[in-house]
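A, B, C and D are the chain letters, set down in written order, and residue numbers restart from 1 in every chain.
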Amino acid sequence: MLEVRHLAAGYHGLVALADVSFGVAAGEILVVAGANGAGKSTVLKTVAGVVPARSGTITFDGARIDHLAAHRITRLGMAFVPEERRLFPRMTVRDNLRLGSYLHRRRADREAPLATVLRLFPRLEERMDQLAATLSGGEQQMLAIGRALMTRPRLLMLDEPSQGIMPRLVAEIFRAIEEVRRAGITILLVEQRLTESLAIADKAIILRTGRIVVAGTAAEVRANPEVRSAYLGM
Amino acid sequence: MLNRRDILVGATALAATAGLRPSFAQADEIRIGAIYPFSGSGAQIGVEAKYAIDTGERLVNESFDLNLLRARDAGLPALGGAKIRIIYADHQADPQKGRAEAERLITQEGVVGLIGTYYSSVAAVVSQVAERYQVPFIAAESSSPTLHRQGLRYFFRAGPHDELYTNAMFEFMDSLKDSGRAPVGSIALFYEDTLFGTETARVQKELAAARSIPVVADVKYRANSPSLATEVQILKSSNPDVVMATSYTTDAILFIKTANELGFRPKGVICQDAGYYEPAFLAAVGPLANGLISRATYAPDFAGRRPEVQVVNDIFKAMSGKDFNDSTSREFTAVQIMAEAINRAASREGPAIRDALAALDVPGELTIMPWERIKFGEDGQNSFVKLVMMQCKDGVYRTVWPGQYASTELVWPIS
Amino acid sequence: MAQPQTIPAPITAFTSRRRRQLAVALAVALALALLPLAVADVFVMNILVLTILFASLSQSWNILGGYCGQISLGHAVYFGIGAYVTVALFVDFGILPWFGMLAGAAIAVVLALALGYPCFRLAGHYYTIATIVIAEAALLLVANAEWTGGAVGLQLPFAPDSWATLQFGRTKLPYYYLALGLAVATWIVSWVIEDTRAGYWWRAVNSDIAAAQSLGVNVFRSKMAASAVSAFFTAVAGGVYAFFVSYIDPTSVMSFHISLLISLPAVLGGIGTLWGPALGAIVLIPMGELTRSYFGGTGLGTNLIVYGVLVMAISLLRPQGLVSLVHLFVPRRA
Amino acid sequence: MTAQIVLQVLLSGLLMGLIYALVASGLALIFGLMDVVNFAHGDFLMVAMYALFVLVAMSGADPLLLAPVVTLVLFAFGAAIYLGIVRFAMRVQTNRGMVQVFTTFGLGLLLQGLAQTIFTPDYRSVDGGIVAGKSVALGGIILPMPHVVGALISLAAFGLIWLLINRTDLGKALEATREDADAVALVGIDRNRVFAIGWGLGSALVGLSASILATFFYIFPGVGNSFVLIAFVTVALGGFGSVYGALAAGVLIGLIEAMTALLVAPSLKMLGVFAVYLAVVTFRPRGLFGSM
């Protein structure tokens, strides 16, 4: 579904990604892991069109998307939830969700994803008329994922969804991710919590200084001795 | 245009300016500078002035069988039939720019005389430049009385100044009594906060006090206001017999429209020309202008009575699409006077032309103005001007006072 | 903390760059001082005087607007005060303009400090609008006051040439050297400011108020000081301008147009730079004068079109100002 | 001075204030959306008035009937100006604020020059149509009909703006873009399109106000200057970006202006407005309704 070939990207002359290639098939969860500054987030930002690719190709369903603006990529059915969430803080939860379905004109296309989101995150329903800024960190993350789901994506890109969240809610987020996948949505997940991620992932890649150092199925990566010592703390 | 291009090139490359020399006129051409606002808020004034002055230039340079000053000869006979050429400059209503342009015209274009400038503030500066360079300056229509009181030798004004104008307005009001109408019991002043407005109002207050006519409202307003509703309310509540209004075009339009909407109808509205006389004003307010009275120094109904006035008015109208008005008639006349003085001096030298101007004595019949004569006093002011009062009827101003010039009967009171 | 024994390399580079700037400035000043020998033409001299005068005005503006980041569009108030005080003192009391200018400048400084209290609490556009409003209010007051001659304005009496009364008929030279002296003075003040603690503070205020405060910079006092210096020189230039033109009225020395002419050269030349104001003035003032002389007589809006397009083009294509063009030709060292 | 005059003046001030508010609303909208002060605002007004002038000359219709057309024309004009010019000023990395100020300022000069070239500096006016020269009398108080109708249209326009912002998807998109212009791409919104629409809407409001002004005001290339300072003060007094702040501030300015003219002197009427503005920002540096 998503194919990334020889991707390179960087900011202000600094190379953040060099020659990164991977693919995600429909319905899969791919985890992108690595230490801080390894380029994990840059992978997502480049795919989402937030950061321009310097070289290499990105194809989605066979079509090149590496030169499209971010909003065009969203329209193709790829939703991105950035690490900082980027909610509209002075708008209500309802309005944030409603904006997610901005592209859809048909009533059904708006109501169906809303029902899904509220089933996944019931606490959002209680907060519908609160301002997004008043939510807790975990609730904000739920709202960010919910807003992304409202665009009816086929591919969901999540950047560190467990960052800065109470442990109790982390499990809830991971459960939600699994459920989203069960609904047939492909997921590209950037995470520090490798153990939990690998538990739900099909495949994983590990980056170090902008290059892929380990790639394989979740089981293979979990079994890799280097990964075990460096990332899983075993 | 070659000269201007020279300046452009020369001044941009500053170092190259060493080689730049004033490019004086050809031998058979006598240059006169005309300084007006051609851009900015007063641009319309400059554009109309240019048509009037071009008309004057044609009158002087071509041969017309008209009994007007400098009409019959083509060019100036005393200078071998030399033609005059008007060089225009833009002052944007800014005294500093007026100064710079006056200096440029004198030193670079080699003009032997200056005409201008509509705005009295600019005329004040230009008159000083003219004095320094000993080039005569005719203030065609700038009407501030301070101008001829500077003690300058190179300053001349053929037309009236604001005190003469205002005086005429009061003489007109006096005449109402003589014609058996009710005397003016009270006046309200409505004037803009510029030199033109405040100077006029100052004289109006003096003359009203001298005649013991109470001034029941003294409304100085900010020029170009978005709304004059409150100002009109103040006037209306003072319930004057007569409003004396001094405004430029924009405020004149707004004032008359607002007064109509608010139902303010004094017995008479006596205007200090300017905005209330402009074609743009008349077009904008339509029938609301009917009944307005304005002082004027040009009587457009002259055109019908004197064929030579009709001829030059037609030339002007062909260019501008408008009839001569108070300003454009004086601008035209200024060209005649300047050309006549140059011819009498038979010289291109400023001091000689200045002396010719000082000695000039031209009967009014040789001009298109209803003036007795043109003869400048020691201060450069022509005191033989005559003023008329006009009243707007069916969108056209017609002379109603004094009697010998009147072409229609005065309607009074108008409400 | 112990003083380092040797001066670190970047600092020597900085010092030598500053010495070089000073040398260039002296050379430019000398060349300008000699320029009138080559220019006889009054009209060109007129443009030169205005260019240099507005270069110095914009340099003064730059001290507040550039270094301190307080974008004032109301400097006409200081300019007008300088002009009015100088002329009024001369016309009414016979006080020579040399003292009048200082008096005007002193009043401008007092006003700048008084206005600083309400204004410097305002951020960004609020500050800018407030400066416009203050200048417009001052314009209204001057136009309605007695001592200013109201709308009639004040005219210098026609007098013979004299250095004492700063009146000259045909020659522009005295005004030229006055303007040049002022330009050199404002340049040197700017040059000094760039390497003093105050200058660093001001620029810190400009780049990041919060960071500046955390470094212990008194933001308010920095703005006040910059404002006072800026107002002082603006008022002196206003006095010179008044005697140069010989007639002042409210619109010609206190309108928004003047505020704009003061700020535009620095903005287009390079805001917060040492050479930006001069460079901007060299382009803008002759542009304005020449487009008026060249296109203005037609009654069409050509001069406005040319001027407007130029301002837009420089803003869009050279956001760092024209001064950044210099680096295309002269590689930036150190 | 009688109570009736005071009431009369207050009411005319109120009506004029509502018109000022409408004139300023476009400026407030654009600023609120993208932090750009449009220094060509007055010249947009001038363009709109000439557009109306041309339309009236061509069709002979009532200016108020043509108001929707002028509003649409100005929408297209504003969006085109954004896409053609302002977009590039937004991209600039250094001195962005200054670049925006002086780009729009240069644009204003250009528009004035073009107007002078095309239409000459002559003063024009359109036939005010059905409201021209009429007035409404309320128990001895007379109000000019153009002002009354203008004030009502202004109120209606503010009502429509409220509905647009609070009740439509476009309104939500505008609000979201205003909060975080980068984040809207995450939901598939093209921020450039939103900005273009925002400039279009802001200019459309200018077009609407021009149609009202033309029923009682004249037209010339510099006409914008008569209104632009009031518009700036209105927006700053209300709080930059607050459209309702502009409504409140406009009314306040209309009232203060009228009362200063009555009680102090007509030539100093703006001085009262300036004094109140300075007093307000001294205590509320972000205006009456500006967010902190």
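Just so it is clear, a residue touches a chain if its C-beta (ideal position, glycine included) is under 8 Å from a C-beta of that chain, and two chains touch if they have at least 3 such contacts.
Just so we're clear, the structure is a prediction, and the values are computed from it rather than from any experiment.
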Most distant chain from chain A by Cα centroid: B
By mean Cα position, the chain sitting nearest the middle: D
Whole-Å gap separating chain A and chain C, where each centre is the average of the chain's CA atoms: 54
Computed distance of Cα centres, chain B from chain A, in Å: 77
Centre-to-centre distance between chain C and chain B (centres being mean Cα positions), rounded to whole Å: 37
Distance between chain centroids, defined by C-alpha means - chain C, chain D (Å): 32
Residue numbers of chain C (touch at least two other chains): 140, 143-144, 299, 301, 303-304
Numbers and ranges of chain D residues touching at least 2 other chains: 116, 120-121, 221, 265, 267-268, 270
Junction residues of chain A - those touching two or more other chains: none
Every chain pair in contact, whichever chains are involved: A-D, B-C, B-D, C-D
Residue ranges of chain D touching chain C (in the complex, touch as defined): 31, 37, 85, 88-89, 92-99, 101-103, 105-117, 120-121, 221, 229, 232-233, 236, 240, 265, 267-268, 270-271, 274-275, 277-278, 281-282, 285-287, 290
Partner chain D, residues of chain A touching it in the complex: 49-50, 69-72, 74-75, 79-82, 86-91, 95, 98-100, 102-103, 147-148, 150-151
Residues of chain B that touch chain D when the two form their complex: 39-41, 43-44, 47, 193, 219-222, 224-227, 229-231, 233-234, 237, 249-250, 253-254, 257-258, 260-263, 278, 280-281, 283-284, 288
Chain D to chain A touching residues, read off their complex: 169, 172-173, 175-176, 179-180, 182-191
Chain B-touching residues of chain C, taken from the complex the two chains share: 35, 38-39, 41-44, 46-48, 50, 140, 143-144, 150-153, 155, 157-158, 169-170, 241, 244-249, 251-252, 286, 289-290, 292-294, 296-299, 301, 303-304
